[in-house]
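Dropping the structures in below, format is structure tokens.
Two complexes, one shared chain (chain A), two partners (chain B, chain C).
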Partner chain A sequence: MIFTFPHLGNTYIVAKAFLDDFNAQYIIPPFNTNKTLEIGSKYCSEANCLPFKLFVGNMLQASELGADAMLITGGCGPCKLGYFGEMLQKTADDIGINMELITLEVPDQGLKELNARVRKISGNTSFVNVVKVANSAKNVAIKIDNLERLMRIKRAREREKGSVDLIYRAFKNDIMKIKGSKNILEYIKLTENKLNDIKLNENANPLKIAVVGEIYTTIEPYANFELERILGNMGIEVERKVTVSDWIVNDMFRKGLHLPRDSSYVKASKAYLGRMVGGHTQHTIGNSVIHAQEGYDGIIHLYPLGCMPEIVSQAILPAIEEDHQIPIMTIIRDEMTGEAGFVTRLEAFVDLLKKRRGENIDGQSKLLYGY
Partner chain B sequence: MIKVGIPRGLYYYKYSKLWETFFSELGAEVILSDKTNKNLLTDGANTCISEACLPIKIYFGHVMNLVGKVDIIFMPRFTSISKKQYICPEICGVPDMIKNSTKSLPRIIDTEINLRESNKNSWLAALRIGEFITRDRRKIKNAYKKALEAYRFERQILKSGVLTDEFMQDNVTLRMIKKRSTQFTVAVLGHCYTVYDSYINMELINKLRGYGFGVVTLDMLDYLESKLRCKELDKMLFWDYGTRAYGGVSQLIESGQVDGILVLTSFGCGVDSFVDELVEKKVRMESDIPFMKLVLDEHSAEAGFCTRLEAFVDMIIRRKTHDFYISTSR
Partner chain C sequence: MGKVNCYMGIDVGSVSTNITLIDEQENVIEKLYLRTEGQPIESIRAGLKDIYKRMGMYVSICGVGTTGSGRQLAAAIIGADVVKNEITAHAIASQKVIPDVRTIIEIGGQDSKIILLKNKIVYDFAMNTVCAAGTGSFLDRQASRIGISIEDFGHYALKSQIPVRIAGRCAVFAESDMIHKQQMGYLREDIIRGLCDALVRNYLANLANGKKLEAPIVFQGGVAANIGIVKAFEKALGLEIIIPKHFDVMGAYGVALLAKEQMQYRAGKSKFNGFDKLNGDYTAVSRECSGCSNCCEIVQISLNNSPVVCWGDKCGKWSGQQGDNISKSEEFTI
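Here is the complex of A and B:
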């Protein structure tokens, strides 16, 4: 079996570590481009959301390269993600490609079925080894997210523009050749050191913008036009609380083992959102409140067109904007691939934030809304 | 007497009898919002964010319509209406959307209704809702019992093929759809709030009746049977509507008694984007029943809608009378 998986930011490194440790054969699909989206949209009904279309694109491109099994994660919330596995399988069958979808979740049939699915990847290794590999994959995820966070901070302060991007490009290039979680972790450490050596602008006091919203659009650089890089190169520090490692730790491990989960965002969202409505709504609302209290200059809310849970968030965010006096801009991503319009909106938002900050220093606090 | 306002939107079209009986048994005066109309839709669309779907915007309009007329608005927080199933996230969050988009709302009954774990939660929800009106537990229990009876009775009638006419909007309580005596029968699939709200769907059901067609809706099909039939999927659908629609279509195909299947969906409905695709594939693969999907949004141009419907109707009639059985549907 030759495995593949859909792209979600740097998750491919985690998946790579996971599959390497099992000595499984796999193919990393080409990174998301307009072509991926084009292929995906061709085989999907128009009402499907962007992540699904890109998943289909990834699946087809990987299939061309010889993959015949795709790993995805699942769920059973009201959000559509929980049904992606089945729909992808149906789409694959309809197109007529040979692809088996393996959903890594606890299915209706119970843990035995999950075990059987994991066995397809792991072969005949011992249970202890499976746990070990899963754990080291989790560690890779955490380290990668830390690396990304470090990059966001350095990018806003670097003395020579583009030094972070240079290191990151080299990292992306080299990581493909490195095998196994141990080596990957080492290489991440090395890159971290390189980043720490970058000369920084000591008295920089960058604007701080937080990104909230649907997990796929906020993390996948293609889906948000590399928002973090664009803002970072404008000299802005970007923060995003929803990460892959956070998802793996809280939603896969802790939830599965019934351990207490990080729920600060749930508490913060209580005043606006009565309870869970699926997707990342609670994260979006809760984290927006937390960010506002932490003194961020602005918040950008991202989601793909037709994402049901985030529509609920969007309706609630103006209340937070007003209560906490923080500008929030909602950007909805669809199949339109015009980057310039997106950048224009970002620039306008950033100008607004700069103006606000300037006015605050002069002792005025005029509220300007984010849209 | 306390005035309880019930917005005539979303799950009202399913639980009208239950809610009305419950509140009037408790001794409250039930006030319904107006029937859906153009002004109401405009009001709703102005208050609501533009990305939300049509039924949600209309629900906003219904709530706005009640403001000022009532002491308390009944706007329950639905999470699940049957075991192991969810409903659409937008409906889960609609009370919060409304609370955070408008000011000057009266008191709100926003008790959570969650039957995902156990059906007993329905009684607990009723108890909590009842406590907004009265402290008398016995009274609540009685009202709950009566409401359930009334609801079940209505469901039974619905199942036998009779449609409670527009939910008694015109003082005609029940009207028969002559399901058996008509020559043609069309199944209309969709969420209860699109199928039964005659403004949203531009009087689709009346129009079909006008053509002499009988109508079958999902409420006339057996839910437990539908649930059973969904087992053929590798993973059970976790949306209530999905289970009803997929299982329902499976029943319809097997019975062979419908001459056409119409699917109503509102633009941007996330649940439908998956469910309708599954349903359409199933119909096209396993039968030669004509299938048409109608997408509804705020544009209320009726002519285009009528043209499509007429074409569909003509095609069904021609197919049967000419007995070609050559499908013109694809």
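Here is the complex of A and C:
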């Protein structure tokens, strides 16, 4: 079997570490581009969401390169429209490509079924080894997310513009050549050190914007026009609580093993939303409240067109905006590839936040200047 | 007589390119509203030539600002001191005219926006993301379908006694609904009025969604010329709508104000290239970069075959070094 997996931000590094450790054969699909979307849209219903179209695009591009099994996570319900795994399998069959979908999540049939699925990848290695490999993959995910967080902080403060981007580009380039979780973790550490050596602007007090919304659009840079980089290079610190590692720890491991999960966002969302309604709605609502309490300057809410759970969030967010006096901007992403309109909204939002902060600091209105 | 010091604001939008000149007292001394017709470079050039012909002898340009979706392009060609998004530009212009404005409705060619202000600062805004129903280009199209000019559109609407209900949720559905009603023989003015009502409903549902619209309300952008839409807004909101004198060029006015502010703050020479620079031959080349897996679409603008500006890349390789000629580089597949 030659494995592949869809792109979701830097998850490919986690998947790579996992498959390397099992000595499995795999293909990393080409990164998401307009071409991926074009291929995906061709085989999807118009009403499918952007993430699904890109998944299909990844699947077809990987299939062309020889992959015949695709690993995905979360096919059992986090999305209200559900059945991602089943729908992908059906789409693959309809197109007529040879692709087996393997969903790595604890299914209704229990851990035994999950074990059978993992065995397809791991072969006849010991159970202890499987646990060990899964654990290292989790560690890679955590370290990657920490690295991303560090980049977001440094980018907003770097003295020389583009320093972080330069290091990150080298990282993305080199990580492809590095095999196994141990080496990958080492290289992440090395990159972390490089980031820590960047000269910072000591007096910087950057605006802080939090990103909430549908998991794929918030994490995958292609789906959000590299929002974090654009904002970071405007000198803004970006934070995003929903991460891949958080998902692996809470929704795969802890949920599967029936351990207590992080539920701070559930508590915070209680006043607005009493229960789980699918997708990341509770995260979106809860984290918005938490961010407002933490003193963020603004919140950007992202989701792909037609995402039902986030439509619910969008309806609730104005109440949070009012109650907590924090500006929230919703941006919906669809197949449009023009970045200009997106950047216009970001710039205007940043102007608004700057002006609000200026207002708060010295109590008088100041005009804004161009970048 | 010495030349008058002027600041120029240029708003390059999807449908129109607007230019305003303001003097030191911030009065509009010249304005121009041109159709972009999909050729921003040409329309900027035509607009500036026109301005030069009329005003060139009497004014000296001390600062230039650009806004609108073509702001980067305009800034590169003309040489701008301020490049600002249209939302901020509109808010600034509106506040200049009506200092205590609370709500700004702006409907342009492809975009519609709502800007809410509190204590004289913008505290919330929304801009249409996935639907262009209710914008100028849609109205343009429907006017030509009905066979009247867009200038008369609003007056027809006012003649109507009983508006026809038209689904305004989506531009495509609105169109087919309208055609259907036409085929059934409804009066033309009733259909037009119905369309105005539908577009206002769409605007309020999509943009004002859950937000409180407080008076005074200012309506600007090209569509504000349409009396039918204005009346429909007044009816739907139950409030008076103020249309500023220069409603059609408010974006350009706002950015001219910003340019003036900026030049006073910076106290240097304007980056304006001068009117004569525009006579050169501007060409645009677009290529897909094959330098990495991102496959960015790069656009480069050249003046007399020497590159002026380049953008579209994610890595900054091309936009960073404007001097490189992309059409000669090996990293492009044609």
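Worth a mention:
Operating definition for what follows: the second predicted complex is superposed on the first by the 353 of 371 C-alpha atoms of A that agree within 3 Å, B and C clash if a C-alpha of one lies under 4 Å from a C-alpha of the other, contacts with A are read in each partner's own complex, and residues count from 1 in each chain.
Convention: contacts are C-beta pairs under 8 Å (C-beta built on N, C-alpha and C of every residue); 3 or more make two chains touch, one makes a residue touch a chain.
For clarity, every value in this text was computed on a predicted model and none was experimentally measured.
Contact with neither chain B nor chain C is seen for A:15 once the two complexes are overlaid on the shared chain.
In the superposed model, A:48 lies in contact with chain B only, and not with chain C. In the superposition on chain A, A:67 makes contact with neither chain B nor chain C.
Once the two complexes are overlaid on the shared chain, A:312 sits against chain B while remaining clear of chain C.
In the superposed model, A:37 makes contact with neither chain B nor chain C.
On chain A, the surface touched by chain B in one complex and the surface touched by chain C in the other have residues 305, 315, 318, 332 in common. Residue ranges on chain C touching chain A, taken from their complex, read 65, 69, 81-88, 92, 111, 119-127, 129-130, 209-211, 258, 261-262, 265, 293-295, 297, 314-316.
If you check the complex, the residues on chain A that touch chain C are 30-31, 33-35, 162, 165, 169, 226, 229, 305, 315, 318, 321, 327, 329-332, 334, 336, 340-341, 344-345, 347-349, 351-352, 355-356, 359, 365, 367-371.
Those residues of chain A whose C-beta lies close enough to touch chain B in the complex are 45, 47-49, 76-80, 82-83, 85-87, 89-90, 94, 103, 107-108, 272-279, 281, 305-309, 311-312, 314-316, 318-319, 332. Residues 48-49, 51-52, 77, 79, 86-90, 92-97, 100-101, 110, 112, 233-239, 268-274, 276-278, 281 of chain B touch chain A in their complex.
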